[in-house]
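Shared between the two complexes below is chain A, which has chain B as its partner in the first and chain C in the second.
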Partner chain A sequence: MSADKKTKTGHKKTKAGERLTKIMTDYYVDLHKGANKGKFVVWGAIIIPAELLKGFDSVVFAVPESHAATRAAKALGPMQCEKAEQMSYSMDLCSYARIDIGTAFDGGKGSPTFGLPKPDLLISNNNNCSLLVKWFDVYHREWGTPHFILDVPFCYESQKKKDLNYIIDQYHDLIRILEEMTGEKLDMEKVQEALNYTNEALKHWKRFISFAANRPSGITAFDSFVQMAPILTMRGTPELAEHFKFLADETEERVEAGIFPIPNERYRLLWDNIAPWHQLRKMSSRLAKLGANIVSASYTYCFGSLEGNFDPYHYEGSDPLWALARMQNTTICPTGLGLRCKAMSEAIERIGIDGVVFASNRSCKVYSLMQMDQQKYISEKCGIPTVMIDVDHADVRKYSEENAFLRIEALLESIGARRAGA
Partner chain B sequence: MRALAPGELEHSRECGLTKVLTVGVDSGSNTTKVAVMRNGTIIGSGVTFTGYSAEKSWKRLLEDVLSDLGVDMSSVGRIVSTGYGRNVVGIADKAITEITCHAAGAHFLDSSIRSIIDVGGQDSKFIALDGNGRVENFAMNDKCAAGTGRFLEVMARALEVDLDKFGEISLQSENPARISSLCTVFAESEVVSLISKGESRENIIAGIHEAIASRITSMINRVGVRCPVLMAGGVAKNIGVVKALERELGADIKVLETAQVNGAIGAAVLAAAIEG
Partner chain C sequence: MNFTEYAQIAQDGYFTPVEGQIQILKSRLQEHDFTPFEADGCVRNVGVILSGILPPPSSISEAIENAGLRVVGNDIASLFRSYSYTPEATGDPGEYYVDFYQNHYPCTTILHSSDRRIDALQDLIGERKAQGFMFIGEKFCEYEYFEIPYLEKLLKDKGVNVLSLEFSIDDDQNIGTFKTRIEAFSELMEE
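Then we have the complex of A and B:
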C-alpha cells in the first residue's frame, strides 16, 4: 500500500477517500452536462426510488439534501442559510432547507458544484423528512415545477400488504407522469439492473460499517458519514457498487495490516442523528485526543435496512416495484420508537458500544422528537451510559462546541467510573 | 475548613512529605473557585470573578489562597482543573468535567446526597448519583440563559437591585408576578412591562425565581429527583430560588456554606485520588 495522502488538516486520506472525491465530482459534472444537453432533471428526497429513474435514459437525478450537506461540510452552511433568511425564511427552519433555498434562488453562487441544474420534476416523500414536502413546494410555487408527493404510511411493525400496494399504485402514477413528461417509455429491465447494483453496493456498505466491531474499530462514523454521499445520489449505478467494494476492501486491508483510525481507542461510542457536517474533522480530532471514537451511527446503519433491522434488505430479483415499495420502510424516520430501539440495541450489542451520544438536532425534529424516550430505553435495556447534546446538522451558528464536549467528556468519565467500579 | 496549624506543614516536610497539598481549580464562566486539601480535609478555598483572563484569575486566586494558608506552590502536589476553562489550567495534572467534580464534592461533604442541582453563571445542571457517589445520570439546560445565573444578573440590572439582595426581597412577596417567557431577552421585556404597570419589586423578583425554578424543574424531571438533594453553584446563595425550587419539587434542598466552591472541592478530592 502506498503512502497515504494527507489533507490540509493533516488527516490521512484513504484511497477510498480520494476516490470518493473523484466520483462525486464526476457525478456533479455529469449532472450539469446532462442538464445542458437537455436531459430531464429530477430533484428528489433521499429515499425516493432512485432505481426507478434509471429506467429512463433521459433522466438525471439531483438530491438537494445531499447537496446541502456537502455545502455544510465545506463550511459554507451559514453563508447559504443567510441568503434564505434574507428572503424572510425563518432561522428556525431546517438548515438543509435554508441552504438549498438560499443556493437555488442565488443561481448556485458560492457552491463549489455551481448548485444544482433547475428541475423539471420534484419528487418528495413524507416517510423520511416531513418538511421536505413544503420545502419542495417553494420551488413548485416559484418556478411552476410539477411536484409529485409520495405518501408512505408510518410503520410500527412490518409493512402491511395494503400499504405496500398503496405505494406501488403511486409508483404507477409516477411512471405515467415521467413517461408523459420525458416522452420515453420506462425500461423495467434497467430498473431491475439498477436494483441489482444497489443490492451489491449495500452488501459492501454493510461490510464497511461492520469493521466498527473490530477492536480497535477499523472505521470512525465520521468516515462513514462522508462516504454516504453516493448512497444518496448514485443509487442504482455500477459506480456506486464498485466504489463501496473498493471502500470495504481497502478497510479490510487496513484492519488486517493493523492500521486503525484511533489506535489508542478506549471509548467506543454510537451517534444518533444526522452527522454534524460542520464539525466532522474538529469533533473527530478532539475525540481522538481523549481516546474516544464514534464508531457507528444510526444515520449510517439505517440505509438499506428495514423496520428496525440492522442488516440491509436483500433484493432477490422479485418484482422491482414490489422491492422498491418495501425499501420505503427504512429503519429510522418512518418507524415508531419500538423499531428504532430494536435496531439500536442490536447495533450496540453487535458492535460493542460503551456509550451513546444522542444529538438533539435543531434542524431535524423528525429524527429528534423521540430521542428522549429512546435514551431512557437504551440506558435501561442496554445498561450503558448515554448523553444528550444539542447540535444543528448544517448551521454552525446553532452549535456550541464547549457545551457539547462538556457533556461528551462527562459521558466518557461515566464510562471510566463504571469500569473502575466494575 | 481550617487554616494549617503552626508547624504542621514543617512537620510534614520533616516526614518527607513535601507535596502535601492537593488543589482543585474550578474555572467557571463567571467566577473562578479554588479549594485546597490536605490529608482528607479541605483547609482553604476562595472565589473570584473570572473576568477577561481565566488564566490570570485562577493563578492569582490560587496564590492568594495558598498565601492565606502560609504556604506556596512548592507545597502543592496534584491539581485537578474543572469548569468551562478546565483546559486553560496548564499546570493541572488532569482536567475533569464539573459534572464529575460536583458529584465528588457533594459525596465528600455529605455521603448521603443522591442528587445535585448546580446553577452557575451560564448553565444549570442536575446530577443524579448512585450510592457510591458516582454520576449515574445528568441533564443540562440547552442553549439558553433561562434558568441560569446570567438570567438573574440581567433581571437584577433591569430592576436596579443588588443581586445579593434578590433572595431576601423575594421572601417578602405575597403575590408573585407571572413571568411566562423562556427567553432571557423577552423575560427582561416582561419585567420592564411589569415595572411600568406598577408591580412591586418583591412580586417581580419572586416571579423571576418561580420562572427559574419551573425551568430547572423541567430539566430535573428528565432524570427524576432523588433525595437528599444538594444545591451547588453561586445561585444556591439565593434563598428565593432555593425556596421556589423546594416548592416546585416538593422536596427539601440542602445548601452548604461551600455551595459555590463545591466543584472545586470535588476537583481537589479527585486530585488526591490520582495515583503515582
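Then we have the complex of A and C:
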C-alpha cells in the first residue's frame, strides 16, 4: 500500500464475516438433515483425512473440537463445562472436551446448533492431541460407538517414508471399515476432487493470512481464528474453496482501499496457542486501544502446513492417499521443538513481528509443554521480546484478564524500550 | 516394607542406571525380613488399590498407611502397569520392545489396550480383595481423568469404595485437607 493512502478503521463485520455465518449455519443444518435421513455420521478430530470421507456419498462429517470452539466463542463454554464436571469429569481436562461431553450427554441442550447428531463411527488421531483419543473413548464406552484411532508418528525432522507408508496402511484399514459399515464402495476420484478443493482453499487461506505482513496489518489473528471454522469442518468442499477466495479477495480490496482493523498499529504481535475463544472481542478491543495488534498466530498457520513450515502444503495431484498421509504432519503438535521454532522464526521474519505472546494453556498440554523452551529459543534467536500468559482456550473461569494484560502491557513497554534504545 | 518405602525405591530407580537399580534392589531384598507391614497408626487391615500416573508424594502415602489402609496393589502407570509384563530378553532390542508394547498391561496411555483396561483393573481389585480404590492425579489435562468418572461409577456399583484426589505432584507440604479426606475414606470401610 502506498504511504499516502489514508487509513480507515475496519471493525464492522465484513461481508466475509457475514458469509461465514451463513456457510457455517448451512453446514450444521445439512449435517442434521443428513443424519435425519439416515446418513452415516462420522465424528472426527480436526486433522483426520476429511477428504477421504468425501469418497462416500452416504457419510456426513462432524467435528466436536470445532463445535466446542463455537460454543466457547458464544460464551457458552462454562455452562457446558459445568455439565461435564457434574458428571465427575475433572476441571483440569481440556475445555473443548468438557464442553463437548457436557453438550453430548445433555442431548445438545444449550447449543445453538442443537449439538451434533449421534455418531456411527468415531475417528481420532494422536497427532493434534493424543488426549483427544481418550475424549472420544468416553463415547465409545458410553454409547458403544466403534472408535478408529489413527496413529501418526511424532517427528523431529521431515516425515520419513516408512512413517508415511505406515499412515497409508492405516488409511486402507479405515477405508475397509467405512466400506463395511456404510455398505458403500469408496470413490477415489471423489477423494481426488475433494483434495483439489482443499488445495484451492489453502491457497486462498495463505493469501488471506499473508495480509498480516502489510503495515498496518490487513487482518488481526482474531479474524483468522473465526474464519478457521470451515477449514475444520468443510474440507474437501467447493464451498470452502469459494469462501476462502472470497475472504482473501475482500481482504485484498480492503487493504488496497486503506481499511485496516488497527490503523494506528504500533505493536505487531504473534500469538502461540489455541485461540482464547471467550476473549476474541474483549482482547482485540483492549489491544487496539494500546495500538497493539496480534497479527498472526501459530494456530492459524498450522493448518495445512507441514512440519517446520509456515506455508501450507501444495497438493500436486499425486496419489490422494499419499498426499493425505503427508498432510498428517502439520506444523505444531506432532512435531518437535526444533521444527516448531523453525516455523515460528520464519513467521516472525516474514510478517515482521515485534513480540510474541505465548499463551500457556493448562487445558492443552500438547500445545503448551514446549512453550518455555520455545520462548527461550525465540527470544534468543529472533531477538524480540516475548511474554508468557495463562489462558484457557474455552473456559473463561480459568482466565484472568487483568493478570494477562499486566504481562502483555509489560511486553509492549519492552518493545517500546528497545525501539527507544535502538 | 510399606508402600511409602516401596514407592521411594521405585522412584529412585527412575534416575539411576540399571546397574545401580539392581544393586539397590538386591540390598533391599537382603535387608528385608518379609514380615507383613503394620502401620504406625490404627492397626487395621483394609486393602486398597492405588491408581494414577506417578506414585503419590510420600506424605500422601504415609497418610494413607497411617489411616489404617493397607496398599494391597497398585494400578500406577509408572509402577505396576509398566512392570506387570516383562518380555524375555532375546538380544534383539527391537523384538523386546515390540513384545513389551504388544503385551503391555492395559494402560490408559497405551491406546490400543484401552478396551481391556477396565476388565484388567477389576480383576486386580478382585484378586487382591481390595475394598477401596484410590486415584491420585496430578492437576493437568491427563488421560486418566477421562476414565475416572466411568470407573468410579462402575466400581461403586460393585461395592468398591472410591476416592479421587487431585493435587500438584510437587506439593508435599499442604496435605491437611487430603489427610482428612483419606481418614474419612478409611473410616467408611470396615475391616
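Everything that follows uses one rule, which is that the second predicted complex is superposed on the first by the 411 of 422 C-alpha atoms of A that agree within 3 Å, B and C clash if a C-alpha of one lies under 4 Å from a C-alpha of the other, contacts with A are read in each partner's own complex, and residues count from 1 in each chain.
Rule of thumb we're sticking to: a contact is a pair of C-beta atoms (placed from the backbone, for glycine too) under 8 Å apart; a residue touches a chain by one contact, two chains touch by 3 or more.
Everything numeric in this text was worked out from a predicted model, so none of it was measured.
Within the superposed three-chain model, A:Ala97 lies in touch with chain C and out of touch with chain B [touch as defined at top]. After overlaying the two complexes on the shared chain, residue contacts for A:Ala417 are found with chain B alone; chain C is out of touch. Contacts of A:Ser318 after superposition on the shared chain: neither chain B nor chain C is touched. In the superposition on chain A, A:Thr21 makes contact with neither chain B nor chain C.
When the two complexes are superposed, the chain touching more residues of chain A, out of chain B and chain C, is C.
With both structures placed on the common chain, the touch criterion links A:Asp390 to chain B but leaves chain C unconnected.
Within the superposed three-chain model, A:Asn165 lies out of touch with both chain B and chain C [touch as defined at top]. Legend: residue contacts after superposition of the two complexes on their common chain; A:Asn403 is shown touching chain B, with no touch to chain C. By the document's definition of touching, neither partner reaches A:Asn264: not chain B, not chain C.
Overlap of the chain B and chain C contact sets on chain A: empty, with no shared residue.
For chain B in complex with chain A, the residues that touch the partner chain are 84, 96-100, 123, 132, 134-135, 137-140, 142-143, 222. Contacts from chain A toward chain B in the complex involve residues 360, 372, 379, 388, 390, 398, 400, 402-403, 406-407, 409-410, 413-414, 417-418, 421.
Those residues of chain A whose C-beta lies close enough to touch chain C in the complex are 87-90, 92-94, 97, 126, 130-131, 133-135, 137-138, 141-142, 149, 151, 362-365. Chain C makes touch with chain A in their complex at residues 108, 111-112, 114, 137, 139-143, 145-150, 152, 164, 166.
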